[in-house]
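Below, each structure is written out as structure tokens.
Look at the two complexes coming up: chain A is in both, with chain B in one and chain C in the other.
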Partner chain A sequence: MDSTLRSSEPAATGKSKRTRRAPWHAYLPMWMMSAPALLLFAVLVIVPLAMTLALTFYRFDPAMGPVAAFDLHNYAEVLGSSYFHTIFARTFGIAALVTLLCVVIGTPEAYILSRMGDPWRSIFLLVILAPLLVSVVVRAFGWSMLLNVNGLVNQLLGAFGFGPYKLLYTTFAIVIALVHVMLPFMVIPVWTALQRIDPQTENAALSLMASPAVTLWRIVLPQLVPGILSGSLMVFGLSASAFAIPGLLGGRRLKVAATTVYDQFLSSMNWPLGATIAMLLLVANLVVMLTYYRVLERRYTRSMG
Partner chain B sequence: MRKNGPVALAFHTIVILFVLAPLVIVVLVAFTPEETLTLPTRGLSLRWFRAILDYPDFISAFFNSVKLAFASATLALVVALPAGLAIGRARFPGRGFLNALLLSPLVIPGLVLGIAMLRFFALIGVTGSFAWLILAHMVIITPFVMRLVLASVSGMDRSIEHAASSLGASAWTTFRRVTLPMILPGITGGWLLAFINSFDELTMSVFVTSPQTVTLPVRMYMYATESIDPMMASVSALVIFITAGAMLILDRVYGLNRILIGQH
Partner chain C sequence: MSFLTLTDLSKSFGHLHAVADVNLSVEKGEFVSLLGPSGCGKTTTLQMIAGFIEATRGRIMLDGRDITHMRPNRRGLGIVFQSYALFPHMSVEQNVSFGLEMRGIDKSERRERVREALSLVRLDAFAHRFPRELSGGQRQRVALARAIVIAPPVLLLDEPMSNLDAKLREDMQFELRGIQRKIGTTTIMVTHDQSEALSISDRVVVMEAGRITQVDTPYRAYERPETSFVSQFIGKANMLRGTIVARDGEAIRIDLGHDLAETGSTSQLPERERAIGVGDAVTVCIRPEKLKLGAAGSGRLPGRVTSRFFLGSQWLYRLDSRAGEMLVCCQNHGDEPLEEGAQVGIDWNTESIRFIQQEAARG
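And then the complex of A and B:
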């Protein structure tokens, strides 16, 4: 049915402007095929998001729940209170640290994997990527057993005469578990970038007497920057909005933005305030990611040009 | 190709240990015969797996999750396959917007979608409805189905379809006998990936499940915030086994590296 459309396309894209657009009924099959998905997403994504945005302008009344107020006092409350400043600073601090650690661990690991022989390469790639599909609650629970006072890490430290340390319910626990969860999101794009590198560029540098270290730094690494960039954007965004890991490994005192939203919605029942924090998280996330992208992209294009 | 040096291999070993440690410890502890979570354990026992059977909360949550994952993955496929075919194979007004919209749950945090749906469900009075929970899950797993449908459609040789229609096959026959068999691995892979993602989903479900419709990850999260005993480990171990089984099937059907990395 759309084969007729395709066959008319080369002629249409090329010549006169008047014949470029097919009559509207030619698009009808495509619109009808997309209609169920569009309906689903209009009802369950666009409408609810608009309602949530509207909710941020509501006032919370303990007796009646959300009451329409149409002012910005929720934003004033979140942006003006040092309590929420601490939470947002902690959230983005953790996200930045996790991103840094994922770059430092994931990039060399992807490079090492790419230089392995074949049975091992696929096996270890699978070992690194497969945890992606295991529920995050399970992984958080695994870390809580490794890090608690009698856990394996403290036993290991004890064998060398250190500790025991309080590791669970600390920022350290949140960071290490988040790195574990996010590492595949860094390895995947770097691995993809590595696959696109022409191995002859490396060989050329080596044959021109560059040392392996210089080759790695000047030839391989610059070609990985796009991969590292998209990986770190993904890791940062996901870490900043992570819920299960901070909820289970941060305990009750160490709140991040996501767990604060959860508390506002399901304990304090102050939905307007919770929605405001979530929207600010979304916006802050977008701003940080766009800025990061702009800055790094500019630097990258300059160094290449 | 140059080989990895000893430093590189040591680094690699540490990374692999780091990746595997939390999963291995969960499986080990699940077989403990002791009353509490202690390591190292003496002997092996299945007592904590048997304990799950006496704890109906986990059993009902497990069946909720299976039903939910099955229904939402199947329905997401029904909705996303035609849209994916249209987006992947034709140019039409609104195509770019539709593509961005259907992939948007990958960028919007589950937390934001969760509270948005909680608010929406409360306003239209369907809080706690299983049918609306299925719709909510369809939204977050549609991108995974879409990506695999788009990938298999883009790698397809169109001339076979043209041959079929020039030999007099109707559009429907061409789709059923030619197109569908060619994209079947992508469809099956997309369904399985959607199933796993729905089965594992926590952040959005925390907000939109009710005590009757609570899913396994949500139940486990609640359980872990209140108490930690070896039953948590045995349930987690079961989840690991089920996921590993699904991954094995996924690997046979479509290739796990292909799905996770997106290479074709």
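And then the complex of A and C:
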């Protein structure tokens, strides 16, 4: 308080700005300066998370709803049932496939984007960002129109004598729609990594008689790894916990972890089981991402920072 | 035929002629500097030799082969980039080894040659470091090792010292020249730093607005500049404007105005300007260290010291005289320097001045 008062004295009537006292908030301890953000984070993230965790130790009674039980039978149920194993395997399988496809498509995309001239670069950047600007429901509906049995894709295949195929309500539909919306999360970090590359390193490799392909593979790509790494973490995390796309394009039978949680909470009304699945999804996601990060990070921190 | 020959080499970007009709022959083992202010086309010329910029016109011959349209990764030249352009994800050893690997040289020979190159630049102990763990000077030496390990026919240096601080730059200049002498590689360096160009090259190529204005040894470029641009870009010069009032054979007499006259010989003019006659405008160019200061009343021209700068080994005086501002450079012999405001007499030897025909008169 004392410091606040002292510093509120009029600062030497603006004549010498250099000798002016530091603003009052410079005297506060660090933790106090981050207090507003800390409070927001606590109320919106920590408390709900703690409540969900507490809920997993409850027992579901069809007549009375959640009853405090303080045992681990919910965890035993999820971890012991092959039904939930399939759902988790599907969830992380889809997330891994989406991440892989985003790396394979997004990295060259970012590279081409960085090589474009200015009017085109802005236009294509907008095209890449477009899925984020469209409501998830509209986007999913668009994909279901394209992919259903009478949809545009099957009509096109039919013109060449193929099909019709069942495309909607398949893993394929979920993956393609997720890749569509996740691509910006891969392109942007890779693009940022590209901006940081010294463009002369490519010329240096060429001058040392490396072919353009070798230059791309041995010189450019390794420098993009930090960008690909952070893009992958975002894409994987968001895909594994995606709810709307799998819900709308996977149909009732192709469940992933997030849609199962939804069903447990709102259809079965089994909140404790839903909370348990949610917690296990969170933990599994964390473990996968941290492992991935550690493994790649160890290889690149020394050289790439 | 010279080792490297540029013939009518030109590059235009739209209507802008970045490089126009550059002709240059470089002998094997020579160290040549392209010197000029930024935007004079020196870097573009280097990039054309390297193959990163396609020449609009002209020819580049290397050791009897036409490389004008050869792709950069086929030329096999050693290049040190201004930013060094080290591969950040590779260790020093891997950086240096990369060019050998691309040439398909086997592992044991590669290791031997990398070791040799690193010891040449005195970085033996740093083989396993990554570029970001090195200082600026060390990075520059890695870049040099990477370029010379492949034993290139020509070494191209693009402002190699510009990212180093002054002290280190001086050390590196000596070191670079020493290494170049030892391995005997034909070297072309681009620089805007005239002292760097003068101190380490066999010849300097002064460029201005995309054209070569003078190609000479550093000493001759300094002592016998051919244009007023060269005289002012390389070193400092006092420029006095005058008109030729008499010519008798080689002897000429120049009126400098302000009751000053100068006599000299046409041999003090650039060769192509020796047909000069009465009435032509010339510039008299005197280097600051060629001017002598004496007691007030002595010499050819009285002057007054307006400011002085201490440069360690020298004193640099700015003088006010009736012929305009004059710069005078005196050795620091340990005597008392002149005070600001002191009255002095300025003198010079006729032999130590240089005449240049004025640009306007040449058209």
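Just so it is clear, the second predicted complex is superposed on the first by the 256 of 305 C-alpha atoms of A that agree within 3 Å, B and C clash if a C-alpha of one lies under 4 Å from a C-alpha of the other, contacts with A are read in each partner's own complex, and residues count from 1 in each chain.
FYI, a contact is a pair of C-beta atoms (placed from the backbone, for glycine too) under 8 Å apart; a residue touches a chain by one contact, two chains touch by 3 or more.
A quick note: this is a predicted structure, and the numbers were derived from the prediction, not measured.
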Query = Of the partners chain B and chain C, which touch A:G250 in the superposed model: first, second, both, neither?
reply = neither
Ask   = Between chain B (first) and chain C (second), which, if any, makes contact with A:G227: first, second, both or neither?
value = neither
Request  = Could you look at A:A204 and tell me whether it touches chain B, chain C, both or neither (first, second, both, neither)?
outcome  = second
Inquiry  = Residues of chain A touched by chain B versus by chain C: which partner has the larger set?
reply    = B
Inquiry  = Just to be sure I read the superposition right, which of the two partners does A:I219 touch: chain B = first, chain C = second, or both, or neither?
reply    = second
Request  = Pick out the shared contact residues on chain A: the ones touching chain B in one complex and chain C in the other.
outcome  = 212
Request  = Write out the stretch or stretches of chain A touching chain C in their complex.
outcome  = 198, 200-201, 203-212, 214-215, 218-219, 222-223, 225, 300, 302-305
Ask   = Can you list the residues on chain B that touch chain A in the complex?
value = 1-4, 8-9, 11-12, 15-16, 18-23, 25-26, 29, 37-39, 78-80, 82-83, 85-87, 89-95, 98, 101-102, 104-105, 107-113, 115-120, 123, 135-136, 138-139, 142, 158, 161-162, 165, 171, 196, 199-200, 202-203, 206-207, 217, 220-221, 224-225, 228, 232-233, 236, 239-240, 243-244, 246-247, 256-257, 260-263
Remark   = In the complex, the residues of chain C that touch chain A are 50-52, 71-79, 81-83, 85-91, 98-99, 102-103, 130-133, 146-147, 150
Key: For the chain A and chain B complex, residues of the former touching the latter   = 1-3, 5-6, 9, 27, 29-31, 33-34, 36-38, 40-41, 43-49, 51-52, 55, 105, 108-109, 112-113, 115-116, 122, 124-146, 150-152, 155, 177, 180, 183-184, 188, 191-192, 195, 199, 212, 237-238, 241, 243-244, 247-248, 258, 261-262, 265-266, 271, 274-275, 278-279, 281-282, 285
